[in-house]
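Let me give you the structure first, and then I'll get to my questions.
Chain lettering (A, B and C) follows the sequence in which the chains are written, and residue indices restart at 1 in each chain.
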Amino acid sequence: MQFETIPVEKLLAFKQKLIEHSPLIHCMTNDVVQSFTANILLAIGCSPAMVIEPEEAEQFAAIANGLLINVGTLTTERQIAMRLAVHSAIKAQKPWVLDPVAAGALSFRTRFCHELLALSPTAIRGNASEIMALAGLSSGGRGVDSLDTTNDALPAAQSLANSARTIVVISGEVDYITDGNKTIAVTGGHPIMTRVVGTGCGLSAVVTASCALSGDQLYNIASACALMKQAGEQAKQNCRGTGSFIPEFLDALSYPNL
Amino acid sequence: MQFETIPVEKLLAFKQKLIEHSPLIHCMTNDVVQSFTANILLAIGCSPAMVIEPEEAEQFAAIANGLLINVGTLTTERQIAMRLAVHSAIKAQKPWVLDPVAAGALSFRTRFCHELLALSPTAIRGNASEIMALAGLSSGGRGVDSLDTTNDALPAAQSLANSARTIVVISGEVDYITDGNKTIAVTGGHPIMTRVVGTGCGLSAVVTASCALSGDQLYNIASACALMKQAGEQAKQNCRGTGSFIPEFLDALSYPNL
Amino acid sequence: MQFETIPVEKLLAFKQKLIEHSPLIHCMTNDVVQSFTANILLAIGCSPAMVIEPEEAEQFAAIANGLLINVGTLTTERQIAMRLAVHSAIKAQKPWVLDPVAAGALSFRTRFCHELLALSPTAIRGNASEIMALAGLSSGGRGVDSLDTTNDALPAAQSLANSARTIVVISGEVDYITDGNKTIAVTGGHPIMTRVVGTGCGLSAVVTASCALSGDQLYNIASACALMKQAGEQAKQNCRGTGSFIPEFLDALSYPNL
């Protein structure tokens, strides 16, 4: 199969647009990656805010430029707030993105992800196992680890994009971004990224920011993927292990002249 | 206007006092900055503890040397625990500090901040928009971003300090610390600090620690501001982006001979 | 007294086993150390997952290879989920480890730790004050700080290991690992580790991973202690303060050829 790719000049333009528009991103994400997610968004010029109380989440989703729903440490209370936020974002015509962490492996969150699917998220970003689970193909995974390659999951992603009227990102060794019709492939990155918590969750946040920009949404989302893969590669070259990878990764994402 | 400043020798004495007394700081702060806040307090020789369950928060606020209330990811449950902790700190005559994150922009937390204001916190630390909102001047901000300069907010801060019988810190390009009568200005720092999550919340934690020390409270709090600005400047000189800023900042704060 | 120690070749074999088996560790830990704990486990080749909702916690504890219960930011809701997870782990014959953060100092969590003690955790990892409190000797500590040396607490640890049929780790300047009969001592590390949040909580996570391996459990747990002390020493040599200690520590733990 032949896929489109993201040329370097498009990526540069994308980075510039993030800094110029500085989208305010409402992150309802898991307890583990809050700080890393905020620092990723800040590094690329966006403005993150983690608002989780039901009344506030509903109010803020209408104010923010984009909403991220990540089910990594879902609770009943958080679920209530997420529902209100999603409906508020939809009403205010703001983009919202679903990160279905470990969907398929755990029943409670899988049910919730299916509920949200019916509301047509602007985009979904998951690993191969998670996307296959959402598409109704039994997979499971081991918590957040994918047991499948993104290549295996591509047909599921395309079918999911069509049935849920959304853009699906399967991230892995190669990232695929598909609206069910057109598919973009993004290569690069490095396996060390799977040894640092939050690189996938952080990608979902950058995807949310990309959905808040004007222009072709599929290319914007693919640019978000390319941005993260490029930073991962650069950080890998400069780091001496998974610890120094983290500051190197944020440095690689940081916009210049700070 | 002419303001007092903090001379270098006072700042050195302040740092020494933190290490000698090692105040135990009860942090009830938001989910995003817990780890960074703890590491900031540990670096300067204090002892942080994040205790959040209502019964425990009430018990611990009386044991600790100071209490920090940060409403960044406020929930109903957390609100209940914070109320108990504040009343317990007041009863035990322990200092307590309010960080009104995004007050003005979100109704639920704004109501809670006004409720706490009536209890006269030892100090309040916020950005210009937050302080203006607490003082009853409509501002709002965009989540945690301030749309106003600290200079704009100074009259509001002075009026708030008087009406709530508290010390108000407005942090920004210049920090102002005022008891409504006397005002200290602290310059320095670097804009990169706004691109790393938790530098403001961390300042509120250091302000809380400074309130636990003996001596003039206004100078102690201004020293806390100067300490953080100085570390920010030093870190900026050594970092290559927002990622390496974080370890450099903590290194700059770390007391020697560790 | 004479204690056994861990020879270098055993430690190397231990590290290799972690990478080969890559145990999936269910971490129910406090809000402050989630990200650091995940990154420690990832660095040494394990797979962490933070699952906290009651239904999910019960389901996941049976799937994972080991369960960590850390009471640092215990709440009533978290307590319910932890109880379900522990019973599920016991039923599925999976190892589970208790980290009794600040037990003795705060009543709510102390009661819960005693409740869990009756269920015979596979291992308990605490500082001297926490272990003495669990053993029924009044100590208290100041939050997470130990006021006692591990040497003082050794008799309490041995008695606790016998009464609760568990392995007890007291960590501090010297770590002692005891099943009540045999005791291993692990020296090394550096005091700077007490100035970085989560090194103790991270050790409890590595202890949980070590319990998921085959072979002698006492030696495996002692190897976990030695691994962390060794990384702490190495990081201390390369760092310039508590900030750069963090990436250096994770780099020291990172397995090669990433």
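FYI, a contact is a pair of C-beta atoms (placed from the backbone, for glycine too) under 8 Å apart; a residue touches a chain by one contact, two chains touch by 3 or more.
The chain lineup, named per UniProt: A, B, C = Hydroxyethylthiazole kinase.
What you see is a predicted model; the values in this text were computed from it and never measured.
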Pairwise touch network: line, ring, star, complete, or other: complete
Cα-superposition angle relating the copies chain C and chain B, to nearest 5°: 120
Distance from the mean Cα position of chain C to that of chain A, given in whole angstrom: 32
Per-residue multi-chain contacts in chain A, two or more chains: 31, 34-35, 77, 246-247
Complex contacts: residues of chain B adjacent to chain A: 30-36, 72-77, 102, 105-109, 142-145, 191-192, 195-198, 239-244, 246-247
In the complex with chain A, residue positions of chain C that touch it: 24, 31, 34-35, 38-39, 42-43, 47-53, 55-56, 59-60, 63-64, 77, 246-254, 258
